[in-house]
Amino acid sequence: MKKIEAIIRHYKLEEVKNALTETGIQGMTVCEVRGFGRQRGHKETYRGAEYTVDFLPKVKLEVVVDDGDLQKAIDTITSHARTGQIGDGKIFVSTLDEVIRIRTGEQGGGAV
Amino acid sequence: MKKIEAIIRHYKLEEVKNALTETGIQGMTVCEVRGFGRQRGHKETYRGAEYTVDFLPKVKLEVVVDDGDLQKAIDTITSHARTGQIGDGKIFVSTLDEVIRIRTGEQGGGAV
Amino acid sequence: MKKIEAIIRHYKLEEVKNALTETGIQGMTVCEVRGFGRQRGHKETYRGAEYTVDFLPKVKLEVVVDDGDLQKAIDTITSHARTGQIGDGKIFVSTLDEVIRIRTGEQGGGAV
Amino acid sequence: MKTQVCARLIVAGLLLLVMSDLAPAQENSPEGTNAVSVPIAAPAIESPAVPSVPLAKQIDKGDTAWMLVSSALVLMMTAPGLALFYGGLVRKKNILGVMMQCIALMGVMSVVWAVWGYSLAFDKSLGETGMGRFCGGFGLLMLKGVGAGNTVNGKTIPDLLHMVYQMMFFIITPGLICGAFAERMKFSAMLLFCVLWGTFVYCPVAHWVWAADGWLASGDHLALDFAGGTVVHLISGASALLCAIMLGKRLGFGQEPMPPHNLTYTFIGATMLWVGWFGFNAGSALEANGQAVYAFVATHLAAATGTLTWAGLEWLKRGKPSILGACSGAVAGLVCVTPAAGFVTPESAMILGVVAGAVCYFACTTIKLKFGYDDSLDAFGVHGVGGFAGAILTGVFANSTVSGNDDYKGMLQDSGNLHQVINQLVGAGAALALTLVGSFILLKLIDAVVGLRVTQDEEIQGLDLSQHGEEGYIFY
Amino acid sequence: MKTQVCARLIVAGLLLLVMSDLAPAQENSPEGTNAVSVPIAAPAIESPAVPSVPLAKQIDKGDTAWMLVSSALVLMMTAPGLALFYGGLVRKKNILGVMMQCIALMGVMSVVWAVWGYSLAFDKSLGETGMGRFCGGFGLLMLKGVGAGNTVNGKTIPDLLHMVYQMMFFIITPGLICGAFAERMKFSAMLLFCVLWGTFVYCPVAHWVWAADGWLASGDHLALDFAGGTVVHLISGASALLCAIMLGKRLGFGQEPMPPHNLTYTFIGATMLWVGWFGFNAGSALEANGQAVYAFVATHLAAATGTLTWAGLEWLKRGKPSILGACSGAVAGLVCVTPAAGFVTPESAMILGVVAGAVCYFACTTIKLKFGYDDSLDAFGVHGVGGFAGAILTGVFANSTVSGNDDYKGMLQDSGNLHQVINQLVGAGAALALTLVGSFILLKLIDAVVGLRVTQDEEIQGLDLSQHGEEGYIFY
Amino acid sequence: MKTQVCARLIVAGLLLLVMSDLAPAQENSPEGTNAVSVPIAAPAIESPAVPSVPLAKQIDKGDTAWMLVSSALVLMMTAPGLALFYGGLVRKKNILGVMMQCIALMGVMSVVWAVWGYSLAFDKSLGETGMGRFCGGFGLLMLKGVGAGNTVNGKTIPDLLHMVYQMMFFIITPGLICGAFAERMKFSAMLLFCVLWGTFVYCPVAHWVWAADGWLASGDHLALDFAGGTVVHLISGASALLCAIMLGKRLGFGQEPMPPHNLTYTFIGATMLWVGWFGFNAGSALEANGQAVYAFVATHLAAATGTLTWAGLEWLKRGKPSILGACSGAVAGLVCVTPAAGFVTPESAMILGVVAGAVCYFACTTIKLKFGYDDSLDAFGVHGVGGFAGAILTGVFANSTVSGNDDYKGMLQDSGNLHQVINQLVGAGAALALTLVGSFILLKLIDAVVGLRVTQDEEIQGLDLSQHGEEGYIFY
């Protein structure tokens, strides 16, 4: 099983979620993050004190999928989260050793 | 070393934390997330605009353990986070290459 | 490619960020978390109801780097996040299977 | 156990009712052998100051201005005041539930008051003796005859203004009870309860104390209650306790942490209550006169010493003064000075605040923990206990030079005579009795009809989503 | 499509303008064959109560106290009131944008009012006939001659106090429009628009209705507007609709969820509006008298029934009453009772609130969805629709016993005579016409000069960062 | 460096003290050769308007109503107003710390004022010459003789109302200083400091300026201070600077970002301050009269132009107007107009606001950055600088037609005569001197006894947890 972590723009979340759901993916988790890459933040001034705010608000989407669904999921995310502007985000893929559904105790593929 | 990521219900956190502590686990990290699986969200209407809110608030618990403690930790989480209703959550397990304690620079098992 | 997850003190974030940027790292993501290790929380009393708040606010910094940059990044984080007091935090390192830049679709090292 | 506790409370209530029936009789007897000195007053001239002269009074624009403002201030106490004070104390998932209760009460109680409440509380058509001493009639239904020009009550403000000022009290009083059943009561049950409670509990008690012909308003049983220590705080606090017990504890109470989700709101609410309370207490003079000024000063000073006392006790006991403690102490002081405000000197007000801070602190920490009931936001601990303390202390500290009324003398001024203290106890006891019995019946009834409590799932999800389909904060 | 819709609105506006020109003529004819009963009044004595007697009036301290407070309350309505009400409804990234609009209006409109606005609205130097009936002159520029001792308008408060009280209305009215273009209008364009709109739309309409020599203020066309149903709510609501259409929808409207980011703020704001509205409506009596009391009661009761109606309809239709619904209903009730407050009985006020709750609910849900315009925070749905309903209903329910003025009789009191209802329609129609035409021209102009809307990137980033370089909440 | 700076300030203070001692002498000499025109007034008739006539004044209900409300408004300024304004500017971990300071001051300063503060400030038992000109006596300790019926000061409101109105000033003044030492001062030290500072700094200065026999209140040294430009803002601002320097910078100042954690609170607070300030300034007329109206208008217009100026300067300098700038400008305008409010025309008030916006902007950005002191929330930059500017400008713009007092003429009305400006400088200088010397001694003393600052660990953890054991927001 693979874990996909995608850091995307907030206003793309709804679209990406719907697209993923349509491909048959049944679960996901999101988390508020702040980050930067090529796209850096902005300056904020508060009564003369100037701050460079590098970190920008993004949303991190985590989807765990069976190995077979990986590519489809990645493609779906990439195509729906893309605007072509810097700041579109990144996708990180890693391998999970195990997945367990707490309610039933099921393990492995069936638990996803 | 293994990293356990468990997505559980908010009101189970205290119980799970205590149970884990009792098994001798000395550290953990939690993070607010929103997610859905079998359990989907609800509808919210604001002056006629209806939204389907799929994502539900959950808490993600991250515990890093020595390989030997893995099963015990998983069992503890599973049994204490379970209500038997959908929405109980998932556990994801992955392998870490390295763990470092910042204060001392210790690495590996001793750093957990 | 490696993913570094460092759990550090809030007020060290700016320093660590700057230090990492100086070593040439171009992107990172942070997330608000709460956690405990050796350093446990405190007691809060609200009109006679006493709570032990174990979890303390921390910030989780995620940096994805090429394997070659790993050690440098770890060292930078360790040295700048350290105060020598308990509660300085932990670093977890894991291996990524793949990295994709959403904007361009680039994969692998170039995408970091 | 729950039923047992309730039963005991009911018994206590009935006992009090009986006592309060006896007490008057006792005191009526001119040969009273106890320490109580009884003014030998013919029933016919019970309220000597009221009858004929006041009808000559003219409406005064300064008074009208002050009472318009006071009415606005008392509304502000319910919302945003109370809504924030209570709202900050619940968990995030129930914040809108609290706010909805407040605004719904602003809607429903206002209508009830206009349609029948004001009549039940203040109509005098049942006569100055007999039934008329215990409740109002139907003469003012739908505000019939309550106009802006007339001053039938001999006041210097229009009757309609008196009506709307009192309406604000009718809104906030059930609002206070919400603190007890917060985070678990069904919205529909709560609405029903408040309407019925207002009608059958509040209106009679308000009549007893504040209507010119009320049995506690003048005469032998005269119980001093300047701005509603009994009418507002004591009876809402007592009902609150009953509600807390009859609804049972919140799920997870004592196991999960349930800290206030937003103490900044609690602070904002508490300080708005403080400001609004000037309308509540100083406004209760119904004129912009010296008594209003005394009430204003007493209110402020009691809040001040209440704040210091509660926070100070925490400092002593747990090493740190807390902001929740300071806010609670302020409210405790305000509650306690409410019945006394227009009757006591500034010095006495400071003492009242200290006592309030101490006893309410004790009630909300030690007593609550000991008995284990889940009065979620301490509606009983603050309003019930503080209101009761205030009722008695008014009997101790009332000073006729403040009120300008020679009948209003407390124990200290009256050379240790317990007369007024006993009257205060009788008044409070009677109100308590009606309240406990009435609330018990209403809660049982409503439980049978619609059910008092939300389902487990709804409670876990939170009232915001389950009862109102909304979220309080969406901060991403 | 956008231009088409606008064009239609303009045509409608022009039609109304023509109609309103005709209407007076019609009614002027003493032989009017319709149901309208026309008082045969010589133009010379149009405002019979005003001319000479009032000059003898003395400044009254009670009235002054009340109007000082009312002025403060009306300012509180704009901020924190409206700022929180609206601010809670936008997305987190635009909260400061809303607040900035409010405080900037407090700055700029105040200066405009002092320098020329008050003169344009209330100066009588253009005479009581002819031009002077349609706008004010330049006699009071820079507040020349507007002092604290004089009462040239025959009021019991200083002119300067009347000026500053009216200033608060001049601030909040454009503030209401902000609800329509929230989350996307350029800050500079918004400022420009509000200044020009205030000058060319608000000032004339205020003159028509409230200046002693305004053509709607007395005489045949007398249109009753106690506290600004037309002057404030109707015209801001109508402009809001035009703004919403001409600016176009927010990016992502209908695709992304755009739920209110902080309903607790919306609640706080709504209840502060409620409290502040007492200054707005009861203050519009300009005295602390019986009419002020009637207005106070009407205001409160309409808000109460509005709350219950909207929330009740939701309960029926979607199964749950929402807090947003309750707050919206309260505001709808308040809007609708505004023109009527000092003219109607408490019972009528309750009916007004019910109607307001129902029609505004309908406007904000069904109608808006059907037409698909993006009136972000329902400035039109609440203020435009509620204001219009109020204007008409004032003609229905006005009761001369409340106002003490025999000319102020609505249909019901006037045995079904539609006279006043038609006058109300004419007044509202004329105001609408001027508003739509004026706003259209101003928006076109400003669009050409500075552009109305922020760039796409700025809109996505949010107004807080893009327009003001700040973030609302930094909660880590 | 710290000590050096402090030393310099002290020297400056002492110099000013000496100067202010000389200045009177100079001016007393009827042969003064400088430009100052000295009214040849016998010391015996220093306050000619006060002595006998006023005793005949009756208590007025309109005035009483207005002053009750004003007192409530001034309390609202401290909390929720100031608490939110300041609270929003600190980091999240210190929000409760700020709020606790405010509510604790509401507790402790009120008691101090009732017990000895009012006496020290307003008692006249020390006589109209000699010592009595510099401080009050002990005649009113424990409010002895301060009743609701009497008007010993010849006012139209009860003495007790004057007392409580002034109490609210005594609460907010030390509250303002909190902005300077926010996020790092020990709670106990802060309480101690405020009590002592109130006693030894505030009370004397209040006596000088506002007590009938104060040396700045009438006679040759008459320094105009309508509502506390010097008494409240200047001295709190100056103490704030000293505190900021003596406590030292916050940990991480200049390295870590320390942006305001909740600008929405800052906005709510600022606008509540604006509304409350009507009670502060217009209330300072102590009557609901024409002067109160002038003060109300001046207050509002100065706030308006202050807002526009500060935000406008930002727009010019950094490309974007900020909401923090707008709020700061509003407060700056309000501060600056405080001493002038009842003395200046609306036009002058607008100019005052512009100047205030500009100089405070400059002080909070350029000057602070240059000197590098950490006045966390700009208590000095806004209140110190704005208060000083206001003191001087009052001497420039005061207009006797506004106040109705021929002695109150500023430079412009007085054909360029600098007399009043110099008097203003002397008054401000003397107050500054006492303040700096007094605060320095008190801070040194308290540092020695309990320590001024929390430990490093506590500061990092935040005051909420370390001082009060609570968290502000628990949003999960």
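Here are some notes:
As written, the chains take the letters A, B, C, D, E and F, and residue 1 is the first residue of each chain.
Just so we're on the same page, contacts are C-beta pairs under 8 Å (C-beta built on N, C-alpha and C of every residue); 3 or more make two chains touch, one makes a residue touch a chain.
Because the structure is a prediction, the values reported are computed rather than measured.
Counting steps between touching chains, the shortest path from chain D to chain E takes 1.
Among the remaining chains, those touching chain D as well as chain F are A, B, C, E. Across A-D and A-F, the chain pair carrying more C-beta contacts is A-F. Taking each chain's centre as the average of its CA atoms, chain B and chain C sit 18 Å apart. Centroid to centroid, with C-alpha atoms defining each point, chain C and chain F lie 46 Å apart. Per-chain CA centroids place chain C at a distance of 53 Å from chain E. Of all residues in chain E, those touching 2 or more other chains are 60-63, 65-66, 69, 257, 259-260, 318, 322, 324, 469-471, 473, 475-476, listed in ascending order.
Along chain C, residues 31-32, 44-46, 53, 94-95 each make contact with two or more other chains. Viewed as a network of touching protein chains, the structure reduces to a complete graph with every chain in contact with every other.
Residue ranges on chain F touching chain D, taken from their complex, read 59-66, 68-69, 71-72, 75-76, 79-80, 83-84, 87, 95-96, 99-100, 102-104, 106-108, 110-111, 114, 142-143, 147-149, 157-158, 160-161, 163-164, 167, 187, 265, 467-476. Interface residues of chain A facing chain E in the complex, by the touch rule stated above, are 11, 14-15, 42-46. Every residue of chain B that touches chain A in the complex is listed here, in rising order: 2, 6-8, 31-38, 54-55, 58, 60, 74, 77-78, 81-95.
Those residues of chain D that touch chain A in the shared complex are 476. Put simply, chain E touches chain D in their complex at residues 60-63, 65-66, 69, 73, 92, 259-264, 267-268, 270-272, 274-275, 278-279, 282, 287-294, 296-297, 300-301, 303-305, 307-308, 311, 318-324, 326-327, 329-330, 346-347, 350, 402, 473, 475.
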